[in-house]
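There are two complexes below, and they share chain A, which is joined by chain B in the first and by chain C in the second.
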Partner chain A sequence: MQVFDFSIFTSISAITFILEGVGDTLLLTFAAISIGLIIGSLLSFGEVYAPPFFAIPVRLIGEILRGIPLMVFFFLLFLGLRLDVWQSAIIGLGLRSAAFQGQILRSSLEAVSIGQLDAAMSLGMTRPQVFREILLPQAIRIMIPGWSNEFITVLKDTSIAFVLSFQDIMTRADLIARSIGRYLEIYIFVALLYFVLVRSSTAILNALYERNRIPGLGEKR
Partner chain B sequence: MEKFLGIFNRFGSLLLSGLGYTMFITIVAIVIGFFLGFLLAVLKIYGRGVLKWLAIAYIELIRGTPMIVQLFIIYYGLSQTGLVRLTPLQAAIIGMGLNSAAYQAEYFRSAFLAIPTGQSEAALSLGMSRAQLILNILLPQLLRIVLPSWTNELVALIQYSSIAMVVTIMELTAVAKYIGSKTFLYMQSFIIVGIIYLALSFIFTRLMVYFEHRLSIPGISVTKARV
Partner chain C sequence: MKEVLRVVDLKKSYHKNEVLKGVSFSVDEGETKVIIGPSGGGKSTLLYCINMLQRPDSGEVYLDGEEITKGKVRVNEARQKIGFVFQHFNLFLHLNALDNVRVGPLKVRKMSLDEATQTAVAALKLVGISEDLWSHYPAQLSGGQQQRIAIARAIAMNPRIILFDEPTSALDVELIGEVLKAMKDLAYGGMTMLVVTHELEFAMEVANEIMFLENGVIIEKGPPREVIMNPKSERIKRFLGRIHKEES
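So, the complex of A and B:
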């Protein structure tokens, strides 16, 4: 048996079968990141602005979501609560990402200097105005680098939905590899596929960072 | 509540052995990653030519692909070639060690860059060799700077060790799934395991914060009270 047999890649159907999973992988990534962004914002606002009575439970929820492996989440939702594959995958990834995005947004909110807020208040702006006009536009820009890392992490972690038989790149590749009995070539192909996805997302997110960067703040990439 | 106790009574030893596997894989992998990561960081900063580019390519490739794919390549891919045949435990440890090395290399690299270059110039002008500079001047400071990120890596690795179940290792998550399939108490068994993971992260985080304080250099410490 030869070590490498790349002739399997001449069979178009195997390749297209794996490539069809790219759509589901990206869809899962975007869905989870969006849910994470919404819930994460709520978590971070709760942690920063809510009175201690609410802030402490919110922080506790964040700690719990960050301390449990993604796989345990998936199984809790899929086997414990009997949700279907899509629901478990999206909710599991989304909740976990919410905890991390909450942290990122919270530290970005805290990175805006307090002097600016005092200045705005003394100019007669109301609290909602300060939040909307001064705080948020800066915090969102400060957030982009950390958020890019989180996006990449979620993109890679979608592969863990393999344990739910979610039909993404990984599951499809595994099916193909088992059916034709060539593991090394298929998995290396999948690794390269993920690598291309990760690098292109990084490039797009870096461009986003450059466009929205506050001049003089942060480093050029 | 008695369902939880029932699981503990019937499967306590199994849970304990699952905990053992999880900890064993995590700790061996992080130690492998520590040494290899340090080497990669040194090569990326001080290396020349092929070695430098190899280190960069390794770090980028590992960080750009999911761990589960890497594990599959090492376990199923390598055994297909017939050259090496790894047991599941070896595959998991090597796979996670190699993965962690790439991440730890980046932590080490940013720690290297955090040390003022004046110190390196001073050491070299005193006649120290490169190796002496790295081992005697930079390394002691490096370890202290890298400790907080290392804590994060340790906690992340404890969680990612659950991926080892795809190569048929009976670590905590796999044990929970097994208990669930035996008793149909999936909810309870995964909650128990989730709490164990939470406790592990909590204990290790506190332990590392304690070390940070013990080892911090007065005056130039980067650590803040995070407790």
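So, the complex of A and C:
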């Protein structure tokens, strides 16, 4: 028995079947990231700005979300709440990501120096103006690198939606591998495919960071 | 002379620590008053309480005769008339020099872009920041340049008074001069100023009055020559002696 048999990739239909999953993988990634961003923003604003009686439960929600394994989320939503495959996948990944995006945004908001906020107030800006003109534009820039990591984590963890039979790259690859009995070649192909997706994402996000970086700050040394 | 700022019996504590124990004074239009005193004596807290970045526990602050420490006054409107220059400049890091100065007139005073730009450019010229630096960001500028831009940012709001909180303390020695020059120009130009500083020469040259603040109270005030050359209290003599030693 030969170890590698890449001749299986001469079968175009096997490859296209797997590649057709790229769309769903990306769709799931973007949907989950978006939900995570919206809920994560609410969590971080709640933690930073809300009065304690509100901030404490918000922090608790964040910690609970961070403490649950993704797989458990999926089973809770799919088997427990009987949501469909797409709903379970998006909401599960989205909630887990909300907890982390909330942390990233909160630390970015807190990274803007108090002195600048004092200066903005001393000009007579209202609190919403300080937030809009000074705090948010800087926090978003500070956030990009950490947020890029979270993006690729979500991108890769869409593969865990395999347990829901979500028709992404992973599930399709598994079907092919089983049907032709070649696991190693198929999963090397899948690994490369994820690598290409992740590398392209980081390239785009790095470019975004470089373009929006505050001149003179965080220069490459 | 018209009175611009009046501070009456201002008190402020942090936890059990009473930082201001009843401070009263006033500043007339066009005057420059200098506050000196040892670290931890309450100088910065006094300035922060005047524009309400920190809430005083009791006492009153009047700006042009109107009490701004009253609860119902809109603090942000009072602050528009009180410039503040910080020890650590506190420029907005994501804005270039011009935008740092322009953001106040544009967003707070609601000027048009043209008008705000003209105002900002005039202020930048006043503090000697040349056009080639307008597009630079704070992290690309020297401390002296940053502080002069911070002064321009205050000027551009056309305030009734500017408060300076040790504006040269965070600067390298060779950069202090350019900032003091900008401040002197401003004082001679008629701006009303309240300056916390250790720069005694500056105080001698431009101050109408020096106040010595220690342990939350003003223990002596008077014309700079009297306070610096011939202080009544032993405490001030010792303090000045220490500053002179550091300078020499």
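Methods note: the second predicted complex is superposed on the first by the 218 of 221 C-alpha atoms of A that agree within 3 Å, B and C clash if a C-alpha of one lies under 4 Å from a C-alpha of the other, contacts with A are read in each partner's own complex, and residues count from 1 in each chain.
To be clear about the criterion, a contact is a pair of C-beta atoms (placed from the backbone, for glycine too) under 8 Å apart; a residue touches a chain by one contact, two chains touch by 3 or more.
The structure displayed is predicted, hence computed values, not measured ones.
Asker: I'd like to know which partner A:Ile180 touches here: chain B for first, chain C for second, both or neither.
Answerer: Neither: A:Ile180 stays clear of chain B and chain C.
Asker: Figure out whether A:Lys156 sits in contact with chain B (first) or chain C (second), or with both, or with neither.
Answerer: The first partner, chain B, only.
Asker: Using the touch definition from the top, say if A:Ile214 reaches chain B (first), chain C (second), both or neither.
Answerer: second
Asker: More chain A residues touched by chain B or by chain C?
Answerer: B
Asker: Per the contact definition in the header, classify A:Val48: touching chain B only (first), chain C only (second), both, or neither.
Answerer: Neither: A:Val48 stays clear of chain B and chain C.
Asker: Now for A:Val190: first (chain B), second (chain C), both, or neither, which partner does it touch?
Answerer: First partner only, chain B.
Asker: Give one of first, second, both or neither to describe whether A:Leu76 is in contact with chain B, with chain C, with both, or with none.
Answerer: Only chain B; A:Leu76 stays clear of chain C.
Asker: Is A:Val22 in contact with chain B, with chain C, with both, or with neither (first, second, both, neither)?
Answerer: After superposition on chain A, A:Val22 lies in contact with neither partner.
Asker: Considering only touches as defined above, state whether A:Ile134 meets chain B (first), chain C (second), both or neither.
Answerer: second
Asker: Residues of chain A that sit at the chain B interface in one complex and at the chain C interface in the other, please.
Answerer: Looking at chain A, the two contact sets are disjoint.
Asker: Please give the residue numbers of chain A that touch chain C in the complex, ascending.
Answerer: 113, 115-116, 118-126, 129, 133-134, 137-138, 141, 214-217
Asker: What part of chain B is in contact with chain A in the complex they form?
Answerer: That would be residues 61, 64-70, 72-73, 76-83, 155, 158-163, 165-166, 173, 176-177, 180, 186-187, 190-191, 193-194, 197-198, 201-202 of chain B.
Asker: Taking the touch rule as given, give the residues of chain C at its contact with chain A in the complex, in rising order.
Answerer: Residues 51, 53, 76-84, 86, 88, 90-94, 96, 103-104, 107-108, 136-140, 150, 153-154, 157 of chain C touch chain A in their complex.
Asker: Using the touch definition from the top, list the residues of chain A that touch chain B in their complex.
Answerer: Against chain B, the touching part of chain A is residues 1, 3, 63-64, 66-72, 75-76, 79-81, 156-157, 159-160, 162-163, 170, 174, 177, 181-184, 187-188, 190-191, 194-195, 198-199.
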